[in-house]
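Same chain, two partners: chain A is paired with chain B first, then with chain C.
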Partner chain A sequence: MTDTDIIVVGAGPAGSCAAIAAAKAGKRVVLIERGPFPGSKNMYGGVIYPRILDELIPDWFEHAPIQRWIVRRSTMLLSDTGALNIDYRSNAWGQAPYNGATAYRPDFDNWLAQQAVAAGAELICSTTVTGLLRDAQGRINGITTDRPDGDLTASVVIACDGVNSFIAKDAGLYKAVDASNYTLGVKETLSLPKNVIDERFGVRDNQGVDIEILGGTSGVNGGGFIYTNLDTIALGVVLKLPKLSAQKKRPEEIIAELKRHPAIAPLIEGAEVIEYSAHLIPEAGLDMMPKMVADGLLVAGDAAALCLAAGIWLEGVNFAMASGMYAGQSAVQAITAGNTTASGLQSYTKKLNETFVLKDHKKLRKIPHLVLSDRVQHKYPGFVTGIMERMFRVENPHPKPGVRRILREERKKAGISLMDLVRDALTGLKGFG
Partner chain B sequence: MSLESLRAANNIERDATWAEMSFQERIDTAEFRIHERAHITVNGDSCRGCTTRECVVACPANLFVPTSDGGILFNYENCFECGTCYMVCNEAGAITWTYPEGGYGIVFHRT
Partner chain C sequence: MTIAVCLKWINASGQTDIDDDRFMGFSYADQAALEYALRIAENTNDEVIVVTAGPVGAEAVLRDAIARGAQRAVRIDIDRSHDSAVIAQAIAQVVAHCSLIWCGDYSSDRGSGSVPAFIAAELSFAQALGLVEIQVPADSLHPIRALRRLDGGRREQLEIRGQAVISVEGSTARLRRASLKGSMAANKQAIDIVTVNQVATETPPTRAYRPRARAVAAPVGNSALDRVRQITDTSSSKGHGETVHLEPREAAELIVSKLREWGYQS
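This part shows the complex of A and B:
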């Protein structure tokens, strides 16, 4: 007899959704979190797209601790002095059934974990899982923790322990860890009065803005982001690890340079840093994903590298919530059917393949590499802003130059060959499908 | 509006208009519940032969400090537990990395 049916390691979005799904189906669930409360170790951009919660918590949007509903989504291309901004606004996103929302993870993750408790799961915080237990056949059947007498057995362990997942590594599911598959995110939470944020970003009430930035990361491959909370702004950069160390520029210096950019500085004028934070992102999608099923074990969320980081999209929370939910459901099925070996748990992989979780990743497989490539990072922002600069600069008495000439000259100035441009355009078109 | 204030409003070459902060002030905005056990340890001998010193640039908490005799000074206390250091370090055995005891370490609030 095991101590419980299912152990979920990590009370982030993946873990809490796994616990909710399994507890709702009547299984005994223990949800273990190393932080003093769920969300206390978690940091992101960020915007959450909670649509997938409709299945587990139909009225989530009436209770979830959100800051602002995103009604403006901008993509900004920065050169040293210029900025091209593609800005879309939809006030419909600010009303039911809603789309994306900003939220603080310590609030949101804690709320989601309480939903698991309400569904019947037992939440244990301040406890670090230190390893896996195996039975005589080598099947995973529990965990060890840093608590005295802290071993716990179960029919299925679901690893939702985030990007560093020592559980998945311990189970041998990852090939060697390659730093180039990861980016480091650092961010400042900047405080400003709500009315100032409303005015600067052109929103009111609980409407919010999402700005994704390409360029402006001081020569380190990566990107930037700005999100509005009620009375703070989240501003940060995402940096490709090996490049970061090669550039000899520290993360906080790169943030400072982004904050001084003429297109950014006015937005954050006078804002005070009230919290500084850092966290890794699994960035390489399908190319880095581990095996997600072993005898007695399922892996979900960032632990399985399911975060989608494809330039204009940075979505991990929804992928974590969905994969966690499916893992919880598969664990329940396997236990009910009396087979919790890898083959008994295969319905999980099947479900991931059938839904957006792996479909989006397959469709966008080439995009993370394209977006972080040297050309896209260092040449295209200058190229595109160069075109804009000349299209809209009036050089009277000279007549306007033709668009084709501008394109050709700016492409040469940026050092991009026609072949490469065509190749990247095709990769982009195919990749974004 | 005076001519003076019109000119000022027209000055688009702004300097940074937020308060500059030291690195220590930056770190002090985060909450660390420090446990007596060091959850990360660095083996200074391995670092002596290391030429890349990736950790020094990449650690967001700036916890790796080169010493004049070619070693590395490391303090675990103000660590974000991000994992960057063990990923960028190419010297096997230089960094021993674990999570802190449950309930200790970084505690985020508005992230």
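This part shows the complex of A and C:
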């Protein structure tokens, strides 16, 4: 007899959704969290797309602790002095059925974990899982923790312990770790009065703005972001690890340079930094994903590298919530069927393959590499802003140059061969489907 | 016998502008008190009961204490904004049967450390407050030996027998971690909720004592030292008052005039 049916390690979006799904099905669930409360490690500055919660918590949008609903979605290309901003606005995203939202993860994760507790899961905080227990046949049947008398047995362990998952590694599910598959996300939380944010970003009430930035990362491959909360702004950069260490630049210097950019500085003028944090992001998608199923073990969320970093789509929490939910459901099925070996748990992989979780990743497999490639990172922002600079500068008495001429000259100036341009365009077209 | 530990549910974030259940906890002093109670109970096989006064949210600290080894928990359902005397009286009703009542010396949310003293007064128990060192006895036959902080770096040695209220400083002991199974059991443990008969009345708000201003004649003297002495009155002895024999009317007049002179009446 095991202590419980299912142990979920990590009370983030993946873990809490796994716990909700399993507890709703009537299984005994223990949800273990390392921090003093779920979400206590507030590293996230991003947009959550919570529609996947429709299945678990039908009225989630009435209760979830949301800061702002994103109604403006911008993609910004930065050169040293210029900026091209492609901005789309839809106020419909601020009403049901909602789209994306900003939230403070200490609020959001805590709320989600409380839904798991309400569904019957048992939440244990301030406890670090230190390893896996195995039975005589080598099947995983529990965990060890850093607490006295801290071993706990279960039929299925669901590892939602985040990027750098020690459990998935302990279970041998990861191939050798390659640092180039990871980026470092660095974020400052900047405090500004709500009315100032509303005015600067052209929004009202709980409408929010999401700006994804290409360029502006001081020569390190990556990207930048700005998200509005009610009375703070999350501003940060995502930096490819090998490039960052080669540049010998501190991430906070890179943020400081981004904040000084003429297109960014007016947005955040007068803001006070109230928080600084950094976290690893699994960026390489399908190419870095571990096996997600072992005997008695499922892996979900960042622990399974389920993070979509495809340039115009930057998502992770929705993938975490979905994979967590499917893991919870598969664990329940396997326990009910009396087979919690890897074959008994295969319905999880099947579900991931059938839904957006892996379909999106498969479709966009090449995009993360394209977005982080040197050309896209270092040449295209200057190329595109150069074209804009020439197209919209009126140099009378000279007549306007032809667009084709501008394109040709700017391409040469940026050092991009026609072949590379065509190749990248094709990869992009194919990748984005 | 039963050992009681009083735990105050406080904002443990260290910041005053955070009012949020996620950051609530109990002071290091209370943690040390719980640790000593558990250590003593291990040697004496006593039951440890933890008590807090506050709303439902305060039950979190009780469950935490149970996870770490306390056997029973009582929450006194009372508004935390009451005076120390009222809170202490409420706690006293719950812990009157206990042999020892352990408290932190004062809570870290601007506590004044008055509740332990009020509990002791309410129950007429001995009090050993502000302890900095405690020797846990091997069994219930031996007294607890302890050191109490006095002014000027001095220490008072105490021997505690019988029923007593004890308060300890936070630095004296580190609270043990809860076992995993203990935490899981604590989540299911029932907590007794007590509504107490409130007897004590709130102390009415009082004005700070400020003597009235009075005119003092400039000191007369040859040297500055003499004049300073006259004002500060450090060397001369005022004696112990004077005895006068007067008729009631004159006596009353004298008293009134003296009160005026000393500034108590205008």
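One rule holds for everything that comes next: the second predicted complex is superposed on the first by the 432 of 433 C-alpha atoms of A that agree within 3 Å, B and C clash if a C-alpha of one lies under 4 Å from a C-alpha of the other, contacts with A are read in each partner's own complex, and residues count from 1 in each chain.
Simple rule for what comes next: a residue touches a chain if its C-beta (ideal position, glycine included) is under 8 Å from a C-beta of that chain, and two chains touch if they have at least 3 such contacts.
Note that this is a predicted model, so its numbers are computed, not measured.
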Superposed partners chain B and chain C on chain A - clash or fit: fit
Inter-centroid angle chain B-chain A-chain C after superposition on A [Cα, multiple of 10°]: 60
Which of chain B and chain C A:370 touches, first, second, both or neither: neither
First (chain B), second (chain C), both or neither touched by A:196: neither
Dominant contact partner of chain A by residue count, chain C or chain B: B
Partner chain(s) touched by A:44 [first = chain B, second = chain C, both, neither]: first
Which of chain B and chain C A:249 touches, first, second, both or neither: first
Touching partner for A:122 - first (chain B), second (chain C), both, neither: second
First (chain B), second (chain C), both or neither touched by A:421: neither
Which superposed partner A:406 touches (first chain B, second chain C, both, neither): neither
Which superposed partner A:187 touches (first chain B, second chain C, both, neither): first
Partner chain in contact with A:278 - chain B first, chain C second, else both or neither: first
Chain B versus chain C - smallest C-alpha distance in the overlay, whole Å: 9
Overlap of the chain B and chain C footprints on chain A, listed as residue numbers: 36, 40, 106, 127, 145, 147
For the chain A and chain C complex, residues of the former touching the latter: 30, 36-37, 40, 106, 110, 122, 124, 127, 145, 147-152
Chain C residues touching chain A - in the complex, by the definition given at the top: 22, 176-184, 187
Residues of chain A touching chain B in the complex: 34-36, 39-44, 104-106, 125-128, 145-147, 163-164, 166, 177, 179, 182, 184, 186-187, 189-190, 229, 232, 234, 241-242, 244-245, 247-252, 256, 259-260, 262, 265-266, 268-280
Residue ranges of chain B in contact with chain A within the complex: 12, 14, 16-19, 21, 23, 26-27, 29-30, 33, 52, 54-55, 57-58, 60-62, 80-84, 87-88, 99-103, 105-111
